[in-house]
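Below are structures written as structure tokens.
First chain A sits with chain B, and in the next complex the same chain sits with chain C.
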Partner chain A sequence: MAASPDATGTRPANVLRKAVVIGGNRIPFARANGAYTQASNQDMLTAALDGLVARFGLQDERIGEVAAGAVLKHSRDFNLTREAVIGSALSPETPAYDLQQACATGLETVVGLANKIKLGQIDSAIAGGVDSASDAPIAVSEGLRAVLLELHRAKTVQQKLTTLAKLRPKDLAPNAPDTAEPRTGLSMGEHQALTTAAWNVTREAQDELSLASHRNLAAAYERGFFDDLMTPYRGLAKDSNLRADTTLEKLAKLQPVFGKNLGAEATMTAGNSTPLTDGASAVLIGSEEYARSNDLPVLAEVVDSEAAAVDFVHGKEGLLMAPAYAVPRLLARQGLTFADFDFFEIHEAFAGTVLCHMAAWESEEFCRNKLGLQKPLGAIDRTRLNVNGSSLATGHPFAATGGRLVATLAKMLREKTDAESRPTRGLISVCAAGGMGVVAILEAN
Partner chain B sequence: MSEVILGEMPTLSRLYLTAASTAARHKLGVGQQADQLPAVRHTVDGVHIAPERVSGFQQLMHGTVRDTLPSVFLHSVAFPVVMSVMTRPDFPLPLLGMVHLANRVNHLRPVHFAEPLTVTAWAEGLRGHHAGTQVELHTRIEAGGETVWEGVSDYLAKAVYLPGLDKALRPERTDFIPPQPTARWRLGPEAGREYAGVSGDFNPIHLSAVSAKMLGLKRSIAHGMYLASRVLTSVEATASEPFAWRIDFAAPVFLPATVAVRIHDTERDGSWEASEFTGWGERSHRLHFTGSVNTLAG
Partner chain C sequence: MADRYLDLVNAGPVKSLAKKLGLPQPAVLRRYRPGAPVLPGPVLVLGSGSGADVLAKELLGWDLDVRRHVAPKERLGGIVLVLDELAAPEELADPMLTAGSSLRDLAPGGRIVTISRPATGTGQPAQAAARQAVDGALRSLAHELRGGATGNGIVLGEGVDAGAPAVLGALRFLLSGRSAYVNGQFLLVGSGVASLPANPDRPLAGKVAVVTGAARGIGAAIAETLHRDGARIIAVDVPAAGEQLAQVANRIGATALQLDITAADAGAKIAAHAAERNHGLDIVVHNAGITRDKLLANMDQAKWDSVIAVNLASQLRMNEQLLASGVLREAPRVVSLASTSGIAGNRGQTNYAASKAGIIGMVRASAAAFADAGGSINAVAPGFIETAMTARMPFVTREVARRLSSLQQGGRPLDVAEAVSFLASDAAGGINGQTLRVCGQSMVGA
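Coming up: the complex of A and B.
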């Protein structure tokens, strides 16, 4: 039985085959409480899927598997991705699963599905992610929840009354999600403020990175780069966070918002930190044969990936520093150096995050003591970094960022390979809550 | 020392009432104030722990509901026995208004919640303090015939000076400069009451602003053992028994409060060896407590 082919003729392969990015689609990202206020995670994910279906002619097609996720998730959305698939133009016989790895969710769906394709378990897949900070779940307080659950268990009227008597006025206040790390009580911005100060990253350096992100994104829109990567939604055709006309002077005027009570000088502002954002993204991946037989383009291959986590709880390492460990491990496994990459897509959770990672890779001390390397990895060529803008300009709907990065980088690699008739390579790096990071390599041939 | 076996775990609320009436009688000049510690140990045998009580404690501390008992939970289990010593008519210091200065504990092995415990408490080390008189309350918890937990709490009776005890010199004040925090605790006005709910220690200074004012405080204050337990919960994933911990209290934490905390772990040969900790007011920059947790293994 094990060797018999299924209805589509897919067979497990002994030799790994390639998984390639065919294309991507996202809805423009909207600042929270803006254009997508009335749209749920399921609505936005469906919109991103339908745009992808329309672009690649996937109507009624049974895709091997769809994986997506959301970081801020309602309990009713236990099957968010499958529900979005049922509501989309894809075949209702397309299976789906939800994944959650904080801000690395989107990239991890690409990695997991690419691995299934490489193993021959599926031929095609859609990876994605969505998040809404506007339509965030609000839960009842722990006190009310405990009473309601106990009420459910109570059998007699007497027991029910005794249970109800435990309710206190403060129990009626709801719990809204926040960005505080559960084990430290510090927000992600405050954690990054500690790391930013520890690495002596200046306000000016952060503002410059932010300015570059906005300018690069504006230029990418200008030359139509996103025309085949985006579907307008709810009246929005561009990321609403983009400030094409921002300047260093404007950025320098903003007051610090994070790290004001942490002792060191506060350098992180709303201008060099990502805002809360709503949005969704989806990436179509498949085997080379799938792309060829369906007359679909091949943008880039998903080569390899590495996840890392750091011990941040008592400050041994910064909360968002895991990519600084994941990247060197991935480079070592692939036998590569920074000079081997044409593009770097480092997710801009905060400008300070990107600058701390790069400072760590340039630091002899960090590379020797923390990574066990004889010499530092070296500097990243800034002209290859986030060249079409990144999260500081687009905004960051947590789980949707991975799909944006993969589709953007895959298209950049294809363009460069076609223009220069040579293979190209790019690196994606995403930090995540809980002290995690996921990084991946894409190549175009 | 003589031994007194108590038939059952004393009730804390009753002991607080005893303490209040003793205080009132002393104010009226009734009753003889002793000037030495009673040479007696109080013991309660066969102490059983309800699992719900442990769960409630673990949840309040943001900890994991485990089958083994948190170190500070064991302190709260033993506390009524300690109180029974401190409310004896021949105990020389007034219980109400006493200041908790420090705690030192050796937690010698994991204790399962279903193990029956024997709790013994006594007082030692009556001595002068620059602000009054200081005393050590000792606690020993045994399970299966061995000591599993032993602790010493230092208390200060402010402005009480007993004959024959020299007043200690006031130690030099050192300025506190806050280090980089690793955590922030937001403690609401209910933090004291919530700890009373899981620890059984309904000391009025922790319950509400009104009850605290009756005892001369401007607002209610967080229980020192709550603060200690929050820290210990944060290291429970790495610190395994046997370990020793201590906490020294500085300025009280008036509720509500935002406490900044730094916990710094040190390793030896790749294994956890110790965690040093400091807590201070995030905005006031006043030092609230310092302490450490150290492995007692090999």
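Coming up: the complex of A and C.
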């Protein structure tokens, strides 16, 4: 029987509803080749999901949709998120999809699923991300791959032998993954070193930001801030990159690792750059009605988001500068200034990245020439920046960082709103490979 | 961990060899299974008073064959000695000797339960003597039982009749497989309001329970057992145990709450979680505990303080906060984990035994406050239980500890959980301020 156009149903009205962050869970992040060496992306994502399920009692529940992704991904993981869902305590009838947008993967899963909720297509969702630098895929060389494919097509023994004869010793060396940009051949650190030098960001300023990140993260653990944001995994109960006792003196002793051939002083060290990290995160989002009818808390609303990209290939802009463009566009659309924000969560790919973004927003020249603004956006209040630590201290499992940021900020906003009985607002900014950036606004009231 | 000796002596040639050599012969205990009969055979009700008649009638309602007289050579599931009208010591002989003549007919996993009244400091000396005599007779009888059979008693408080719901609730627990590792113990049933469950296999249906220390061992077994009996569970453990806690929670559809119970606001946080997620709280199981064993001569302040803080002070604070929070619903029930170490003492455990003895004092003194709220607070004192903790004991110490009880074996976490679940149920509403030992009638501190 065909449905008539005026049949009663639950067809979504053309009115957007709110999408809210209910809570989050991540496993502690581990430095590569550490506690999670033997864990695959699927293992870690499943663990992050199971911790979330346990925290909110979602066992056997059919969630509207789960989206997650990984940046370093094996070809066998073509359905990574769905496989993790099947292995988790969620209902096996929960659909899932993979998403990949470099380091913005995690934040983009939140944005995409929040939009589906706002449209009334789904009531609940889990957004997440995972990455393992330890269990990274290693691919065969292009030469070997071409020969193997041709061998598969060969029909006669002679054809097969001819094909095999094309193999050269160098073809047997595997291709290990790296963080080099395909179009420039430069690593992300070398790219950032160019930008850091261009903006004259000092070594001291970078080390200070790194110190603040470690101190803030240590303090957050100390007061139990992560008790309901994290579930230990494989014996690890805290981010293994955290150096609670680090000092400016210790950071100052580290040798520079990036930008050593730029002519200018090299300022980027292992202390003010994020290490390769393993980890996973997950965020539960839903409509207000879903949260209410399931007796779930509401932390914050996912208000809006903006993506940007820059032309780093032709040297017009630094590789990781896209957020400097995305943020002003988002503020303009929402009619907001920096003064309207209680918290800023700016992903610390490198201390220099954060400092370059902030320098750009304070620069009259940048804001006029690149953004077309009459006056600069202004300075960000440092007391509102990454107040519970960020990637320099936690580490940065690429696709897992977005979920960490969203859950952390949502909880901070809820606490501040409850304590001060007023609405609060926070900004998230994530830079990504390929010259991209994704930023988003959360609000609590 | 597995008790290989128990497995060996219950099968094949080793069984008869152990018997010939007079070695300990621990039996496989009769444990509760949902839907199983209360007893593995007919029940013999001894006693001539009105209480015996009432109980015999009630037991018929539990689908049991009830005998009022000894039928020679009939296999019995249990014997109930109704002694509530004892007035003089001489009156004890007949029921005891009658029961004795039937002991050889008691099925493996059989049950003996006495119903008596407390010997108080007032009243006739002869009556008090008779009542107190039951205590010694029952405890000795329990030592004599074999084949996993147990003997326990119910003591009727002032104004409590043998047929009261609170008595029936306690009787059903003691007859059933739920009390497999409870032996030689007395439960004092007072006048608190008790009600029997509509479905005896779901005594906690509709209840919300928080269990601390739920990530592993006895705590995990308690969470699973309360869930089996119908309760929705809030599983609490320290953040560092979160991975195991999540696994327990996901097995039983619970919510996992990572929380340090020694934090000043732990009770308030539990109350807030229960209010938001479950609209209230019915049952609190204080199971979380730690050991920091040292001879007192070598004990330092940190080891002493941490054990008292986790095992005792946190419970006092949480009870206070939960009572004040308004989250507790009608008939709230608290069950705390004590220990036989807190009764008998244990070398190297001055701090631990102090904390566990403190629990016994705490529940006794908190009983009135919980009675005012329509509820109850009791403790369970486990003896030697097979857990990861006891698996780390030296081999000889462990073997001795295992055989040093009437049941000649260690208990399972499940055995403790069954007692907790019973005390957390409305059927146990008449029991308040008590400490129930789950120790297989351990010889220590008996």
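Methods note: the second predicted complex is superposed on the first by the 434 of 445 C-alpha atoms of A that agree within 3 Å, B and C clash if a C-alpha of one lies under 4 Å from a C-alpha of the other, contacts with A are read in each partner's own complex, and residues count from 1 in each chain.
Operating definition for what follows: contacts are C-beta pairs under 8 Å (C-beta built on N, C-alpha and C of every residue); 3 or more make two chains touch, one makes a residue touch a chain.
As the structure is a computational prediction, the values presented were derived from the model and not from experiment.
A.B. asks: For the overlay on chain A, clash or fit between chain B and chain C?
C.D. replies: Superposition check on chain A shows chain B and chain C fit without a clash.
A.B. asks: Check the residue A:K316 against both partner chains and state whether it touches chain B (first), chain C (second), both, or neither.
C.D. replies: first
A.B. asks: Contacts for A:L194 in the overlay, against chain B (first) and chain C (second): which applies, first, second, both or neither?
C.D. replies: first
A.B. asks: Using the superposed model, give me the angle at chain A's CA centre between the CA centres of chain B and chain C, as a multiple of 10 °.
C.D. replies: An angle of 150 degrees, rounded.
A.B. asks: Is A:T231 touching anything from chain B or chain C once the two structures are fitted on A? First, second, both or neither.
C.D. replies: second
A.B. asks: Name the contact category of A:Q59: first (chain B only), second (chain C only), both, or neither.
C.D. replies: In the superposed model, A:Q59 contacts chain C only, not chain B.
A.B. asks: In the superposed arrangement, which partner chain does A:D50 touch: chain B (first), chain C (second), both, or neither?
C.D. replies: In the superposed model, A:D50 contacts chain C only, not chain B.
A.B. asks: Using the touch definition from the top, say if A:A291 reaches chain B (first), chain C (second), both or neither.
C.D. replies: After superposing on A, A:A291 lies clear of both chain B and chain C.
A.B. asks: If you tally the residues of chain A touched by each partner, is the higher count for chain B or for chain C?
C.D. replies: In the superposed model, C touches more residues of chain A.
A.B. asks: Smallest separation in Å between any Cα of chain B and any Cα of chain C in the superposed model?
C.D. replies: Superposed on chain A, the two chains' closest C-alpha atoms are separated by 45 Å.
A.B. asks: If you lay the two complexes on top of each other, which residues of chain A touch chain B in one and chain C in the other?
C.D. replies: none
A.B. asks: Which of the residues in chain A come into contact with chain B in the complex?
C.D. replies: Residues of chain A touching chain B: 170, 182-186, 190, 194, 197-198, 261-264, 313-316.
A.B. asks: Which of the residues in chain A end up touching chain C in this complex?
C.D. replies: Residues of chain A touching chain C: 47, 50-51, 53-57, 59-60, 89, 224, 226-228, 230-234, 237, 295-297.
A.B. asks: Over in the complex, which chain C residues touch chain A? Could you list them?
C.D. replies: 235, 239-243, 245-247, 249-250, 253-260, 263, 276-279
A.B. asks: Going by the contact rule set out above, which residues of chain B touch chain A in the complex?
C.D. replies: Against chain A, chain B makes touches at 62, 178-186, 190, 234-235, 260, 262-265, 275, 282-283.
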